[in-house]
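So the structure is just underneath, and the comments pick up after that.
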Amino acid sequence: MSDFSATDLQARFERLRSNKLFELLVVIIVFSALLIGAKTYPLPEWSTTLLLFLDWAITIFFLVEISIRFLGEPQKRRFFHSGWNVFDTLIVVVSLIPIEDSELALIGRLVRIFRVLRMVSIIPELRTLLNSLLAALPQLGYVMLMMFIIFYIYAAVGSTFFASINETLWGDISISMLTLFRVMTFEDWTDVMYETNAVYPLSWVFYLSFIFLSAFAFLNMIIGIVVNVLEDEHRKLAMEEAAEAGEPTLRELQAEIRALAALVREQGVRR
Amino acid sequence: MSDFSATDLQARFERLRSNKLFELLVVIIVFSALLIGAKTYPLPEWSTTLLLFLDWAITIFFLVEISIRFLGEPQKRRFFHSGWNVFDTLIVVVSLIPIEDSELALIGRLVRIFRVLRMVSIIPELRTLLNSLLAALPQLGYVMLMMFIIFYIYAAVGSTFFASINETLWGDISISMLTLFRVMTFEDWTDVMYETNAVYPLSWVFYLSFIFLSAFAFLNMIIGIVVNVLEDEHRKLAMEEAAEAGEPTLRELQAEIRALAALVREQGVRR
Amino acid sequence: MSDFSATDLQARFERLRSNKLFELLVVIIVFSALLIGAKTYPLPEWSTTLLLFLDWAITIFFLVEISIRFLGEPQKRRFFHSGWNVFDTLIVVVSLIPIEDSELALIGRLVRIFRVLRMVSIIPELRTLLNSLLAALPQLGYVMLMMFIIFYIYAAVGSTFFASINETLWGDISISMLTLFRVMTFEDWTDVMYETNAVYPLSWVFYLSFIFLSAFAFLNMIIGIVVNVLEDEHRKLAMEEAAEAGEPTLRELQAEIRALAALVREQGVRR
Amino acid sequence: MSDFSATDLQARFERLRSNKLFELLVVIIVFSALLIGAKTYPLPEWSTTLLLFLDWAITIFFLVEISIRFLGEPQKRRFFHSGWNVFDTLIVVVSLIPIEDSELALIGRLVRIFRVLRMVSIIPELRTLLNSLLAALPQLGYVMLMMFIIFYIYAAVGSTFFASINETLWGDISISMLTLFRVMTFEDWTDVMYETNAVYPLSWVFYLSFIFLSAFAFLNMIIGIVVNVLEDEHRKLAMEEAAEAGEPTLRELQAEIRALAALVREQGVRR
C-alpha cells in the first residue's frame, strides 16, 4: 500500500513538474535577477530588510521547486546524471547556509548572482546554444594548444629580454603572457613596443611577427572553424528537410535502375 | 455626381502619385539634408532668415506631398497600415508645430534631421536592405538574450567587488554593463584591469573569461548566423536560377525511371 | 613604299613590346621605388646629385618605354581606351616638367611616388586583384549609401547637441562625421562618450545605438557580401572543373532515360 | 657479418623509435618548457645549480633521442630531407656549445626556449595545422604584394609630407610603414591624425583612404581566402566520406543507364 501511494504521489509530482505552473519559475528567476541588480544601487534603510526577506522567499521557492523535480523523477539516481540538475541543487544548497561574516558575505552574494544562470538551465534554446558552443571547443583544441605554445615562446623571449626594461609588463612569464594578450587585442600595443624599441631597435620584429602569427592567422582559423561548424549544422538541417520532402538519394535511383535492368534481362530470358 | 467627381479626383491624384514628377522628392530630401548640414556651420546674419524660409518651404512641400499620397490612396484605412507612411506623417505633423522655446527648439531640429530618413522610405533598395537587417534580428534573439545574461552576471559580479575601487566604472549594475561593453570593444580595457588587479590580483580571470565568452565566441556566432542568412538568400537565388534553366530534380528523374519500368513490365505482360 | 616601311616598323615595335626584354621594366620600377625610399633617409651631399641623375634616367626610360608601346599599338586610338595606358602616360608627362619651386617640388615627388603604382599596371595578377576589388564596389553601393545616411543623421544630431561641449570633436557636421568614424573603429570612443555623458546622462544611447547600427550590422553585411563574391568565383571554378572532368548533369541523365524509354516503346510497337 | 649486425641494430633502433617509450619525449619537452618558465621568476640561490643540472640532463636526453632517430633511419641521407629533423638537430647542437659569456648567454637561453617548438614537431596534429597555415600563404602571395605596394606608397607620401611634423612617427620610410601598421590596427590612430591635421587640414583624406584600402578591403579579402581554403578541405573530406558510404556518382548512374540501353537494344536485335 505504501509502495502504491508512493508511485501515486510521484506521478502527481511528475504532472506538476510538466505543468504550466512551472512557467512561474522564469518570472521568479527574472525577479531574482532584478533583485541582484537593485542591490548594487544605494538603497534606503527600510528596503534592506525587504530585500533580505525577498531573498529568503526566493531561496525557499527554489528549494521547493528542486524538491518537486527530484520527487517527480521516476529514477532518483538519474536525476544527478544531468549536469544542470547538479548545478541547480548546488546553487540552492549554498544559498541555504546562513552567512553573516563580511568575507563570506561576498561568496553568498556571488552564489545569488549565479542563480541568474538558472535562466539558461530552464530555457531549452539557451541550453542548446551553450551546448553547440561547447561542442565547437574540441575542434578548437589543437588550435588552442598551438596558440598557447606561441604565447609561451613569445612570453619566454619577452621576459628574458624586456624584464629589465619594464617589470610591470614583462616581470615573469605569466605577466608577459597577459601583456601579449593585450598586444593581440591591439590595446595600446604601440606604447608597449616604443618602450622596448628604445633599448632593442629591432624589437618591432618581435611584436609584428607575434601579431601576424596570433591575431591574423589564428583568429581567421577560429572564424573559419566556427563558420564551418555552423554550416555543418545548417547542411544537416537542409538534408533532413530534403529527406522529409521525399527527394530520393542517388543510391536509391541506382537501385531502381538496377531493378529495371534485372526486369529487362528477365523478360529477355523468358521469351 | 459628387461621388463620381470624388473618384475622378482620386484617380487623378493616383496618377500624379506614380508620376515621374515624384522623383523631385529625392532632390528635395537631399536639399533638406544639405540644409541641416549647413546649419551646423557658423553662418552670416542674413542667411538665418533665408534658411528659415527654405525650411518652411520644405515643410510645406512635404505636407503637400503626403496629402497627395493620402488622397491618391483608394482605401484610406490601408494608408496607415504601412509603418513608413505613419513615419512620414509624424515627421510632417511635428515639423508644423511652431516652436520658439530654446528647449523645444532642439526637438524641432531633431525632427528636421530625421527627415533625412525619408530617403530610406522612398528608395526601395534601401527599404529592402533595412528589412533584411530586421529579418536577421529574430534569428539572433536567443544569442542576444544569452549575451545579456552574460553581461548581467559579469556586471553584478563587477559592481559587487569593484564598486569600492572605482565608483565611475563599477558604481552600479548599469554603469558596470557599460564598462563591460567597453572591455568587449577592447577600448583601454587594460587600464580598467590594471586598476582592479592592484586590489584583487586574480581579477584578470574576470576580464579574460569575459572577453573569451563575449567577444570571441559570440561575435563569431553572430558572424556565422549573418553569413548563413546571406548564404540562404544566395542559395535560394541559385536554386531559382537552376529551376529556370530547366535542370530536373532527382525526384523527377526517379519518376521517369519508374514510368520506364512500368512500360517494360507492361510490354512483358502484353507479349 | 613608305606605307610598307611604316607597317614593318610597327611590327618590329610590336615584337619588341611582347619581348622578354620588357621584364626589365619590373626591375626598373623596383629600383625607382627603392630610390623613393632612399630619399626619405638623411643622405650625404654627393648622393643628391647621383639621385637626381638616376631619377632623370628612370624618367627617360619610362618615356622610351611608353613610346615603344604606343608605336607598337596597331590602332593608335585604342591605346588610350585602357585606363592603365592613360595613367602611365600621365605619370611620364608630369615627371618631364622641370620643377624647381619648393611648393611644386612636393607635387613632383608625389608623381615620382605614384610611379610605384606602375607595378600594378604591369603585373597581370595585381591588375585582376584590383579589378575584383572594384567589381565588388557596385554590390556595396546601397550599403554605402545606407551607411552614409546613418553617419549623416548621427553627425547632425551630434553637432546639434554636443558642439557646445567640445568644438574640436563636434564643431560642424563634417568634423562630427570624422569623430563618428573614430567611434566606429573603437578608437578611444569612451573618452568621447564620458565627456558628453557628463552633460547629457543619456548620451550613451547615442553611442551604443550608433555602434550597433554601424559597426556590427553593417560590417557583418560587408563581410557577408565579400565572402559571397569570393564563393561565387570559387563555385564557378568548381563547376568548370566538374564540367572538364566529364561529370554529366542531371539534365543529360534525364535525356538518356527518355531515349531509353523511346527505344523500349519502339521495340514494343515493332513486335 | 658486420653488415648483418648493422641492419639488425638498425631494425632494433627503428623499433625503439616507433615504441611507446617515445611518448616520454612529450613529458620531457613539457618539463623543459616549465623549466624555461620557472627561470623567469626570482629563484633562491640553491635552485640555480639544480636548474643548470636539469638543463644539461634535458640536452643529453635530446642528444640521445636524435641519435636513436638518426640511427633508426634506413636511408641516412633522407633524414635531413625533413625540415623538422634539421630543426631538431640544430636545437640540440647549439644547446651543446657551453656559453659563459653574458652576451652569448641570451642566445643560449633563446635556443632553450625554441626547444618548446619541438612540441609542434612531434605532435602530428600540430604539424598538419602548421602545414595548412603555410599552404594558405602562396594563395595570399599577390594580396601581400598589393598590401606592401599600398604601404610603401602611403609611407613614401607620409614621410615626404609629415617628417617635419613628427620625426618619431614619420622620420623615414621604414618608420612610416610601422606607423601605418599602427593606423591599420586602429591603435590611437586619431592621435596621429589630429597632429598632422593641424598642419595639413586635408590629411584626414590620407588616413581614411588608407584605412579603407588596407583594413576593410584587404582584411576581408584575406578572411575570404582563408574561409575558402578551409571550406575546400571540408568539402574534400565530405566527398571522401560520401565515397566511403557508397553513394554513387552521377557518372556511375549514367554508365548503368547506358548499359541498360545496350541490353534493351541487344534484346530487340536478338528477337
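Here are some notes:
The first chain written gets the first letter, and so on, giving A, B, C and D; residue counts start at 1 in each chain.
Operating definition for what follows: contacts are C-beta pairs under 8 Å (C-beta built on N, C-alpha and C of every residue); 3 or more make two chains touch, one makes a residue touch a chain.
Values in this document were obtained by computation on a predicted structure and should not be read as measured data.
Copies subunit B and subunit C of the same sequence differ in orientation by 90 degrees, per CA superposition (steps of 5). The distance from the centre of subunit A to the centre of subunit D, each centre being the mean of the chain's C-alpha atoms, comes to 30 Å.
Taking each chain's centre as the mean of its C-alpha atoms, subunit A lies 42 Å from subunit C.
Shared interface positions of subunit B, defined as residues touching 2 or more other chains, are 186-188, 223, 227, 231, 249-250, 253, 257, 260, 264, 267, 271.
Arrangement of the chains shown, judged by which pairs touch: one closed cycle in which each chain has exactly two touching partners. Of all residues in subunit A, only 33, 36-37, 40-41, 106, 109-110, 113-114, 116-117, 119-120, 123, 125-126, 129-130, 133, 178, 181-182, 185-188, 222-223, 226-227, 229-231, 234, 246-250, 252-253, 256-257, 259-260, 263-264, 267, 270-271 touch subunit B in the complex they form.
Of all the residues in subunit C, the ones that touch subunit B in their complex are 142-143, 145-146, 149, 152-153, 156-157, 159-161, 163, 171-174, 176, 186-190, 204, 208, 211, 216-217, 220-221, 223-225, 227-228, 231, 249-251, 253-254, 257-258, 260-261, 264-265, 267-268, 271.
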